[in-house]
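Below: the structure, in structure tokens.
Note that the chains are named A, B, C, D, E and F in the order they appear, and that numbering of residues resets to 1 at the start of each chain.
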Amino acid sequence: MTKLYRCAAFFFGFFLFAIFKLRKWRMQVNVSIIIDNLLHPPVLFFFLGMIASFCKSDLKIPDPLPKLFSLYLLLAIGFHGGVELNKTGINHAVIITLGAAILMAALVPVYTFFILKIKLDVANAAAIAATYGSISAVTFITAITFLETSGLAESGGYMVAALALMESPAIVIGIVLYKLFEKKEKKEGSLVPEPYGFSWGKVLHEAFLNGSVLLITGSLVIGLVSGEKGWDTLSPFAKDIFKGMLSFFLLDMGLIAAKRIGDVKNTGLFLPAFGVVIPVINACIGIFIARLIGLSQSDALVFSVLCASASYIAVPAAMRLSVPEANPSLYVPMALAITFPFNIIVGIPLYFYIITLFWK
Amino acid sequence: MIKHRKKVEIVTDSVEIKTVIELLDEIGVSGYTIIRDVIGKGGRGKRMGDEVTDLLKNSYIMVICNDIEAHKIAEAIMSIKRKFGGICIVSDAIVISGHSPAP
Amino acid sequence: MTKLYRCAAFFFGFFLFAIFKLRKWRMQVNVSIIIDNLLHPPVLFFFLGMIASFCKSDLKIPDPLPKLFSLYLLLAIGFHGGVELNKTGINHAVIITLGAAILMAALVPVYTFFILKIKLDVANAAAIAATYGSISAVTFITAITFLETSGLAESGGYMVAALALMESPAIVIGIVLYKLFEKKEKKEGSLVPEPYGFSWGKVLHEAFLNGSVLLITGSLVIGLVSGEKGWDTLSPFAKDIFKGMLSFFLLDMGLIAAKRIGDVKNTGLFLPAFGVVIPVINACIGIFIARLIGLSQSDALVFSVLCASASYIAVPAAMRLSVPEANPSLYVPMALAITFPFNIIVGIPLYFYIITLFWK
Amino acid sequence: MIKHRKKVEIVTDSVEIKTVIELLDEIGVSGYTIIRDVIGKGGRGKRMGDEVTDLLKNSYIMVICNDIEAHKIAEAIMSIKRKFGGICIVSDAIVISGHSPAP
Amino acid sequence: MIKHRKKVEIVTDSVEIKTVIELLDEIGVSGYTIIRDVIGKGGRGKRMGDEVTDLLKNSYIMVICNDIEAHKIAEAIMSIKRKFGGICIVSDAIVISGHSPAP
Amino acid sequence: MTKLYRCAAFFFGFFLFAIFKLRKWRMQVNVSIIIDNLLHPPVLFFFLGMIASFCKSDLKIPDPLPKLFSLYLLLAIGFHGGVELNKTGINHAVIITLGAAILMAALVPVYTFFILKIKLDVANAAAIAATYGSISAVTFITAITFLETSGLAESGGYMVAALALMESPAIVIGIVLYKLFEKKEKKEGSLVPEPYGFSWGKVLHEAFLNGSVLLITGSLVIGLVSGEKGWDTLSPFAKDIFKGMLSFFLLDMGLIAAKRIGDVKNTGLFLPAFGVVIPVINACIGIFIARLIGLSQSDALVFSVLCASASYIAVPAAMRLSVPEANPSLYVPMALAITFPFNIIVGIPLYFYIITLFWK
């Protein structure tokens, strides 16, 4: 156990050293884009968090400071997206993109549910499926910064709208799947007094009006309404210090992700493999659809990242209430400790590499 | 003034707090005190709080009530506790109060 | 009850839509200044908070993050005011303005007390009177940003000094009124052991040395002492991100104000009417005095807003200790859920409109 | 070492904390423990905390003391509680301590 | 279902929490609840928290356990308490639980 | 007691007035550099905090907001140092400086221990010695801002590395001294069951992997790795708002330092004298070494400030665990309420004055 941690610590130390070395050669090698992503300060702070956690350091960003960073990121990204959308307007292409986003958010939980049911019970399969159908805003934000740092074109503001629209449907689909396939064996469940039981009203409320969905949608609308003039007002707050706040939040994500790796260690190979393979598949489907509907390279990257990412905030909160039989120490660490780091470190540049092949 | 009362203490997942409060309001207890963001260990393993996901946090609720109310709470808890976990304990307490309770 | 919330939600949705539409016509219509105020991002975030609360969303800015925003706003506004005051110096006009400010802060609680006593007991009348005599720093700040966004002249730095001076007198006057008119009927009050009873020392300490008074006064002095050079040091912190922090704080104010509306709903029409009419009257007296002592348009607006605003932080804290018989669920929601939104949304542009009529 | 003691628990408005501490220091209890920012419901309605105004928050105080001190606290509380509200309960507890208490 | 159990409550310096948790895990109690950032006064003077240095903060731990475990905790605490200070109390409590405890 | 507070309040009020007056003459007088340091906004906010505390105001920066500021400062200063180090590279001079830093961190606790043992027992002597061997990051940061505001050359980025390296050795030396000199008299100590006793593993872990050491070292490495390009990304966050965050943190430090002055008031004259004299001696040794190894004026100032400062975060935390017999209400207030204000107010300009004499 502690040996494992030491190994991990060594590995990361070596890793940092290696990317430092690699940097010198990056002109010659072709993987320069991956290296550049890894050398991006916010991603490095994610590593720092993981290292601190593996070393069992007492470094900690105490509650509720991480909430400050996550609220800030949602507000800033929503507002920025709204301002961009104000510039381009809501045209045909935007509506098609948003339609594709909703489709993917509904499709992913269905097909993954049946894969998961091979090894897991209905409750856990439904909860994990919903997790992978929904999205992670921070993965999205990291993809946006990846585009910026690489000097590529900005993605459209409507991709933020896509982000907001993809958060909820997966929750509803996940619960529908659970209700459909749940075996009626446990009849003692009726002991639970009615008023404290399940209600679709609560589910829909939780899915569409939870804090993060509302904040990002609301900020988007505010950006849309206040436009260029509003942007001048808020940009020092919403843009200039953005990457610093992201660095801080990723530092905390690294601390937490590393702590959670232990949870999936003992569940065999199926779930960790799922957490790496499914995002890649989802990203590829996303890229395929993006090509089909004619998105730009930047939009395609962001869209594929949305498809590939898994939710560790909104969905788990909803599942705790609606599918209490599912085990949160399965679906949270999978999204947080496997898929999130994978997307941040390997996924984003990988998906971009695939896109460059197809858009040429 | 001195009154003999029951002290009911419940520790459970913070997401269940709303349900427990509804239950207490329904039973009609005169008051309760809640401590949020309590951590701990129990049948479902360690729940040491989690800053990003807001999961794995407990809340502690204390209710001072009469015997009948305590009984009702215990019964209701027995039925919902199967689903949510947590712990519920009852003990005796003496309530000290002023001559005429504030209106 | 829930119907009421749904109505409110609908109303706000429609409202946002309407202002979005109106924006397009704002060139033609004459109310453009009100619309511009409503389209200002910080004010829009206030609406977002109210909507989130009406929808019973779980959006929440957890404690003590709102404190971060309010401490920041006090520090930044105080410091900025001090730097401005350093430029203009403390001249005759400044001293007259400050005198007028103290006068208004002492006058308002006296006349409103007798209006309130018609319907309420002495304790509640005194507490509410003190609330309306004192000021709300965030309303002040919103007025400052209103001037800025509208491209009008900045108000003088000494208005921040006026803000700081108007916070305390109302508290003292309120308690004096309470002590004078309090009926001696409850003689069992003597059961309260002496050391835990009332003391003028405590009252004056609470009035003049409470955290918010001290922070804004202290920051003002620091700004005054460090001048232009200090401003270069702190302006990225105290100015550039200012409106972002204000947006965040107003988001939280919206969440809380909406929650509190329920508290005044059942008290009949007197208090809600008081919460709307008295600010307008106070603003008009303020405008009259401003004209009399020859303030500029911008200073007059800020002065009238100070007169119109009601305190929901310093005064309630003092009243809880000194007039415990008064009911905080009356005076807090009146200041927070009625007068504050009214001033932010309607009041500021309205008072400015009145000023433009008189200064021509 | 085992000693039989009283456990006094008080929940009241956070602004009253200073007063209660003064009172306890005056009575001369050997110690107390305070949990800030506790929320709840009681005679004055729900007090669910309020981030902006810092109002509507309770604090919880626990005192382990001997019978005489508990009596004094109860008496003092009875007189001030009329004004402030909140709740005060007393129960029995056994205190476990090391051989020689730390100096 | 109703079970008679002991309630052990410990208040000690937050830096000692790790040690106490290790001790509890070793004894093998089924669960515990921790409230962080509790303040108070005791033999070592006032400990009112300190934002910058993270010192002078206590934590509160509550354990519901059977008599044997309570005895073991008390013994272990007696030996380490000399060094660290704080307070440890034991009282009786009735645990209410559902028909079949969650697995 | 309260008289003392009133005196202090008066004194500070007078003090502020005096520096305000002095400012006008500062061109003529020669002490202008001290005055400039005192007029620097972050230092003024430190005074404001002390005044608020002396007046028993309820001004408070609630937990965990101070943690936000201290984490930010460590991250920003570490990152900035890393970027600077990336520019200069790790050359011979850098390595000599770092060696000198470690030497000082190990030397100071040894010689101060024997001075302290004259009056105190072994445990307290060892704990205080460790405190003065280690460093205070905020004192360091104030020295950096002092250089900036005075328009002097920036100190090298490797001084941040020196800061990070000086934090831990003092802890280890302190505990070694304690173990060597601790009298074996208390044999009942054996009652403490083995697993809960002392372990060198824990000590070294605490010394080298505590949160603040890890965060500053990690940020330094990240700055080093991401270089100029990374700086462009983070500088609005890590530099522009830096002094604002420092002001906020110093406000809180003032509040806390003033509260703690009471703790040392009753311990006689030895400890307060120690807290003022030893920093000056350490600074002088530091200046001597700096001259010897040929540092620039700016680097020499920063180095001497590192030597003169005392730790009130990392060391106390480690001592609480490893030397529980030592009394934290001795070593924390000495570092926090005496040495820290002394260095901030008098020390930094004084050490600089000495340096200007020797470097001419």
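Throughout what follows, a contact is a pair of C-beta atoms (placed from the backbone, for glycine too) under 8 Å apart; a residue touches a chain by one contact, two chains touch by 3 or more.
Fair warning: this is a prediction, and the values are worked out from it, not measured in the lab.
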Original post:
Steps needed, at minimum, to get from subunit A to subunit D via touching chains?
Top reply: 2
Subject >> Each chain counted as touching subunit A and subunit E at once >> reply: B, F
**OP:** Answer with same or different: of all residue numbers used at the interface between subunit A and subunit F, are over half used by both copies?
**Re:** different
Original post:
Where the centres are mean C-alpha positions, what is the separation of subunit D from subunit F, in Å?
Top reply: 38
**OP:** Would you mind pulling out the distance in Å between where the CA atoms of subunit B average out and where those of subunit D do?
**Re:** 19
Subject >> Whole-Å separation of chain centres (CA-atom averages), subunit C against subunit E >> reply: 46
**OP:** Specify, in ascending order, the residues of subunit F that touch 2 or more different other chains.
**Re:** 61-65, 67-68, 188, 191, 236, 240-241
Subject >> Residues of subunit E engaged with two or more neighbouring chains >> reply: 35, 79-80, 82-84, 91, 99
Original post:
Any idea which subunit D residues touch subunit E in the complex?
Top reply: 1-2, 5, 7, 30-36, 64, 91-103
Subject >> subunit A-touching residues of subunit B, taken from the complex the two chains share >> reply: 13, 15, 19, 22-23, 26, 37, 45, 49-56, 76, 79-80, 82-84
Subject >> Footprint of subunit C on subunit F - complex, ascending >> reply: 16, 19-20, 23, 39-41, 44-45, 48, 51-52, 55-65, 68, 149, 236, 240-245, 247-248, 251
Original post:
Contact residues on subunit D for subunit B in the complex?
Top reply: 9, 11, 35, 37-44, 58, 60, 74, 77-85, 87-91
Original post:
Residues of subunit C touching subunit F in their complex?
Top reply: 64, 67-68, 71-72, 75, 79, 205, 209-211, 214-215, 218-219, 221-222, 224-226, 229-230, 233-234, 236-238, 240-241
